[in-house]
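Chain IDs A, B, C, D, E and F follow the sequence of writing; residue 1 opens each chain.
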Amino acid sequence: MAYTYNNFNVTFPSQYVAQVEIDRPKKLNAFFEQMWKDIAKIFRELSHDPEVRVVILTAAGDRAFTAGLDVQAASENGALAKTGPVLDGARKAVALRRHILEFQDDITEIEKCEKPVIAVLHGVSYGLAIDMTTCCDIRICSADTRFSVREVDIGLAADIGTLTRLPKANVPMSWVKEVALTARDFGAEEALRVGFVSAVYESKAAALGKALDMAKLLASKSPVAVQTTKQMLNYSRDHTVADGLAQIAVLNAAMLQTKDVEDAMLSGLKKRKATFAKL
Amino acid sequence: MAYTYNNFNVTFPSQYVAQVEIDRPKKLNAFFEQMWKDIAKIFRELSHDPEVRVVILTAAGDRAFTAGLDVQAASENGALAKTGPVLDGARKAVALRRHILEFQDDITEIEKCEKPVIAVLHGVSYGLAIDMTTCCDIRICSADTRFSVREVDIGLAADIGTLTRLPKANVPMSWVKEVALTARDFGAEEALRVGFVSAVYESKAAALGKALDMAKLLASKSPVAVQTTKQMLNYSRDHTVADGLAQIAVLNAAMLQTKDVEDAMLSGLKKRKATFAKL
Amino acid sequence: MAYTYNNFNVTFPSQYVAQVEIDRPKKLNAFFEQMWKDIAKIFRELSHDPEVRVVILTAAGDRAFTAGLDVQAASENGALAKTGPVLDGARKAVALRRHILEFQDDITEIEKCEKPVIAVLHGVSYGLAIDMTTCCDIRICSADTRFSVREVDIGLAADIGTLTRLPKANVPMSWVKEVALTARDFGAEEALRVGFVSAVYESKAAALGKALDMAKLLASKSPVAVQTTKQMLNYSRDHTVADGLAQIAVLNAAMLQTKDVEDAMLSGLKKRKATFAKL
Amino acid sequence: MAYTYNNFNVTFPSQYVAQVEIDRPKKLNAFFEQMWKDIAKIFRELSHDPEVRVVILTAAGDRAFTAGLDVQAASENGALAKTGPVLDGARKAVALRRHILEFQDDITEIEKCEKPVIAVLHGVSYGLAIDMTTCCDIRICSADTRFSVREVDIGLAADIGTLTRLPKANVPMSWVKEVALTARDFGAEEALRVGFVSAVYESKAAALGKALDMAKLLASKSPVAVQTTKQMLNYSRDHTVADGLAQIAVLNAAMLQTKDVEDAMLSGLKKRKATFAKL
Amino acid sequence: MAYTYNNFNVTFPSQYVAQVEIDRPKKLNAFFEQMWKDIAKIFRELSHDPEVRVVILTAAGDRAFTAGLDVQAASENGALAKTGPVLDGARKAVALRRHILEFQDDITEIEKCEKPVIAVLHGVSYGLAIDMTTCCDIRICSADTRFSVREVDIGLAADIGTLTRLPKANVPMSWVKEVALTARDFGAEEALRVGFVSAVYESKAAALGKALDMAKLLASKSPVAVQTTKQMLNYSRDHTVADGLAQIAVLNAAMLQTKDVEDAMLSGLKKRKATFAKL
Amino acid sequence: MAYTYNNFNVTFPSQYVAQVEIDRPKKLNAFFEQMWKDIAKIFRELSHDPEVRVVILTAAGDRAFTAGLDVQAASENGALAKTGPVLDGARKAVALRRHILEFQDDITEIEKCEKPVIAVLHGVSYGLAIDMTTCCDIRICSADTRFSVREVDIGLAADIGTLTRLPKANVPMSWVKEVALTARDFGAEEALRVGFVSAVYESKAAALGKALDMAKLLASKSPVAVQTTKQMLNYSRDHTVADGLAQIAVLNAAMLQTKDVEDAMLSGLKKRKATFAKL
């Protein structure tokens, strides 16, 4: 697989580690329609690529992870633009609904990636930055990050996922509602305090370095264990404890049939490092 | 609409901002039956009042937001009082269940209000104070606030909502269980640390001032965007991510058909302030 | 009831307070199969024992709450051992699934205990330590505690409950995923900051002392109120708010028919201490 | 309680049996807005009236149970009428949503009635006839009944409950979709064959007679048993088996504390008739 | 395993086929407490017994499958009897709830049996007969069977499962409510018409013969395929389609790894009979 | 759009009516991998094609709707074939799971089609015939149809949807389990009696004729009304009544804003035929 896209760089900084870099820095990495189609495609490929065990999501340039939707572009093209035949309210709603569902599906591909995804945020991280990184597993950032749930300020209670996923990130609801309803900026320290990010580093470079360390660590472990763990944590978020336990019993009944268990147990007992086959 | 009630003051400190003040300070703003019927009615009216876009919930006097249920009154009248015919256990249970459902329904009107509700707590904030403010969207308080989930101490595992809503406020469960099972007091700083409140201010006046600032900010935004955002955040709390995404697609298919989107987009692009029609 | 077990000490340090001590300190309190069968049995008994109103879960020795599964023992016996006839993948899966379900059921008995359970962690608290204490209601620990969600490091995405219950403990998901996917150690302060534990004390002895104080406090309250509160908090975790409210209405319709309500109300009004009948 | 309404007759043909008759026969019992507000009020009262243990729902005249919504009236007044200020699509949607929710809530009062409701259909039974009777517990009809899920033919995928409740009536989905999508008429025999009604009688009079017999039978039984049974059957429809069992355990824990159990058991053993106290 | 019980005969009429016969014909096979404890134990054993692939549930004598709960015995012993200390309403409720949960758990063991269970009903089939056979997979009966959902007639809205499981048997809800609320008898033909039973035979002997034929057929198939099919059908009853599809994907990922698939495919292509290893 | 495929004929027998014919009659219309990819693509296109308002699904030749999976082909290629590297049980499970999920997603496209789909079955209708037609809205068949839930007989508890969707078709569970566990054939009359099909016609030609009549009828109605009705019926199947009502309120708030409502109301009042704009 080539992973060649106009506004994304996909690289492999270490064995089994892929890095996806949003690359439109002159426009603060703002997204237009082709970009969310592309990022969906990238994560769909990474999900099944046996050479990949962890993914880092970052963005080019110093100023922004992403400023979100490219409003200029959206007002000229796409479902919000004033083009095409005049439709009644219901027909317009059907067209919009189809458009929103496609947009959501594209962003959701990040969440559906079978491999863990580490988001490294920096600078301006607005709107889609939140939609996309609530689909990631682990979020860290640089000290200069400015976040904003931007939707109410562009007159939309839009939502390509933020309003649905943020209440499930286990960050306090009083805070979630405040930042979602006011669209105010919040910084790295506040994000850490409420638990939206797990760690803050002094610079983008430092954060990326730490992300790579963590990615290497994950890549050294049994991919069966790591990916099943991700699958179960996501499943549990949306199900009762009883359903979660039943699911893990079915899932592990297959997953424990891997040579990795034996290798890992032995390496634990004998204090030596195990290596694991691809998945 | 008049909004005239014996134990509540409803005022409008700024355009589109309503303020509901619990007003029975001599009794530490403790609630008797007519009061919860009244507060339900107030929030039902505010919910559809086109002149209102945000609501602040506060309480009169320096000593208490509310001390909770007026136990003296409850033991003399109402479902817990020893009056009326002697019933067998099942018949008593039917009567109690009807009573509890009505009480719950009244408090739930605060949550069902279509406009964002900001709770400003101070002083004694016991029992019903928690039931009511877990129905609010954003909670802030003054430094002197003393909270308590009071129910176990009046021999009740009562619950007009606290035991159901507190675990969904995304505050740590170990802490939730401790304060609910011990009925111990906790202060403003602790409430902030676990995320039960979003901010603490030095005095009730300061907290109210900040609430008014936030309310004005919310009132200046597209009411379509603000109210749809509230609706989706509440919906998401109780549904899976897949259901949340499907719901937002249906909801936004109608909501994006507002002139507010265009106005907000333009105001963003042209850096000027938009005004929005009533809702 | 005798409560006599080889690797557990069950004592009664105060009226209505039971203390369960894991007692295999030479092996860092690591668990083998008979031990999880025994702990299930203990909690099943405590759940209905009218002399018990609160349970403390602790472990013997200074070094460990528990190091988790005794891997040596597990590799020699049990479902992971290489013994018995060679089965095809599906038959092996059926056998493993039955084994996992039994193991889960045993650990779940801690959660199903009708009385509140306070976990006091110290030292090495790995793997099963997390599985078991996410079944407890309140978690506190000593300053020297080292936690680890250990499963990925023994090649298992195993899960006797941690992956299902940790996302429901209302601790930030980004952090949950990091510790579950990396299997890294984390300390007492970090556990407190994210809310996994409610409090940290300087030593195991201090933590145990505080746990006993809290247990005495809970034991002094109406057991009807305390146990119904626990029941509702657990129910709410897995249900919508609407379902939670309906459940509490049905439950309280019976529970309010206790003399404890009257006693507690009177003691509140008259400022004297109530005592409550067994349950 | 007086139960006096313009378009409804509420009578008491036998002890503990109430009969609600829709009474606008000249207009084929078609509904306008005041009528659904009234029927909601009637069922709310019946639900808590201790003199009532069963309700029969019928309609005046020979020609129709109800022809459904009075389209003429609806096109002149109400949410579908072209009156009031011109609103954008989103504001119109908010107004419509409020209107639909109120309409639904009114019809849902029939389902929320704590007493069993027996619907007796005859003649034209269109649109609202299905919405209302899917809220009833038992449906029987006369041989001349003509049913129709009418909504698609008035350009609405309206639904004040039919589309939501019909798939839960345990009648074959292939048939449900056919009648809902085609809006075709179907007769009494077809309704019986698929299970939408439980029985067909030769005339309205005969059907009413049988309904009264059944109502008397239900009225002679323990009201605790009858109403708890209804409550559980409705609860089970919307919950898993595990949740249903947990609910019945909590509910019966209170309900078995009735003298009715003892009386019914004794009457069974001694072959004599029991009478039961009001509820 | 011995399968020796006082009031049950467990036999093996054909290879891999077990038959459980309720054996207390002089008392119309009515159940007292030890009996439901025993039947739970029997099905728990059968569930994991590799010699068993199908179970038939029948009852001794010509007169009754079972008359249900032995009311005489229940009124003298057990939770409904008037013995022990006088408790307040809440404490009585706690005791009753524990008792009901245990009773439910015992009956639920029939449903949890991993092997298909065919119920063969005849004669009096009241109360518990419905509770138990709604836990079975397939229900057939003799022409003389008289069914009754008996609970309302003994003053109980009891329910050891009928009220929860009958609405999920996909039999028309209007009929379910009629038979549950009236407690009236219904016969074999009616049971067939609504789909509660799949077939009616002229006598108990004929029905048992047919059950044995069906059991032999099921026993000849791949036990992996048969048991996974049962598991998925039960899972789907209580989950959404999306959840069902996700579950089958995980489950089959393990189950397709059986030699049975290859054997069955080959036997299909080559038109010869396959035999399958134990499970 | 061209709709040109090797094994499918897509035609337009009437305005707004599309007909999809499975066309591999020499192999009894058995499916190989490319075919389920193609049928997914066809329904994805039809779903958004404004020229299409109804779809008929049929199959070429007299002998079979489809014999199901082409087992010969499946044993030579695809996930069940014995090719590629030898994997451990867990890695094999991951590969199988991905394969099953893709297969399921393809078949689910039939259900996700926004337009109503009428299935016309005839002759051999095995395995995939059930998987696919449980995704359709309305099922009718010819008198010679022989159905079979085939999976257990090819050693699979496979399931590309049948085991999940059949229990939700509101056909009796006792019958569902019998046909799923035995894999026995059943005929058209039995399918009608239990409600799996809505009607039986003497020949394939007659059934197709009736399907076309029904399709024309659906095509003549407001597409807004028809498609919203389908959407709600599918939504309701998987949600509680409360959720269904909330969803319809949101959905109709947009859908009632169509000129179709006015046109349909007027045509009803004035007894003339309305025509509706494309959707």
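In this section, a residue touches a chain if its C-beta (ideal position, glycine included) is under 8 Å from a C-beta of that chain, and two chains touch if they have at least 3 such contacts.
Computed from a predicted model, the values in this text were never measured in an experiment.
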Shared chain contacts [subunit C and subunit F, defined touch]: A, B, D, E
Reference interface E-F: repeating pair among B-E, C-F or A-B with over half of contacts shared: A-B
Whole-Å gap between the CA centroids of subunit A and subunit D: 48
Chain centre separation (subunit B, subunit C; CA means) in Å: 33
In subunit B, residues with contacts to at least two other chains: 89, 92-94, 168, 170-171, 194, 224, 227, 237, 239, 242, 250-251, 253-258, 260
Contact graph of the chains (line, ring, star, complete, other): complete
Contact footprint of subunit A on subunit E as seen in their complex: 239, 243, 247, 250-251, 253-254, 257
Parts of subunit B lying in touch with subunit E, wherever the complex brings them together: 89, 92-93, 242
Residue ranges of subunit E in contact with subunit D within the complex: 71-72, 74-75, 79-80, 89, 92-94, 96-97, 100-101, 104, 108, 151-159, 161, 163-168, 170-178, 180-184, 194, 237-239
Contact footprint of subunit E on subunit C as seen in their complex: 48, 88-91, 93-94, 98, 224, 227, 254-260, 277, 279
Contacting residues of subunit E [partner subunit F, same complex]: 116, 137-139, 168-171, 194-198, 214, 217-218, 221-222, 224-233, 236-237, 240-242, 244-245, 248-258, 260-265, 268-269, 274, 276
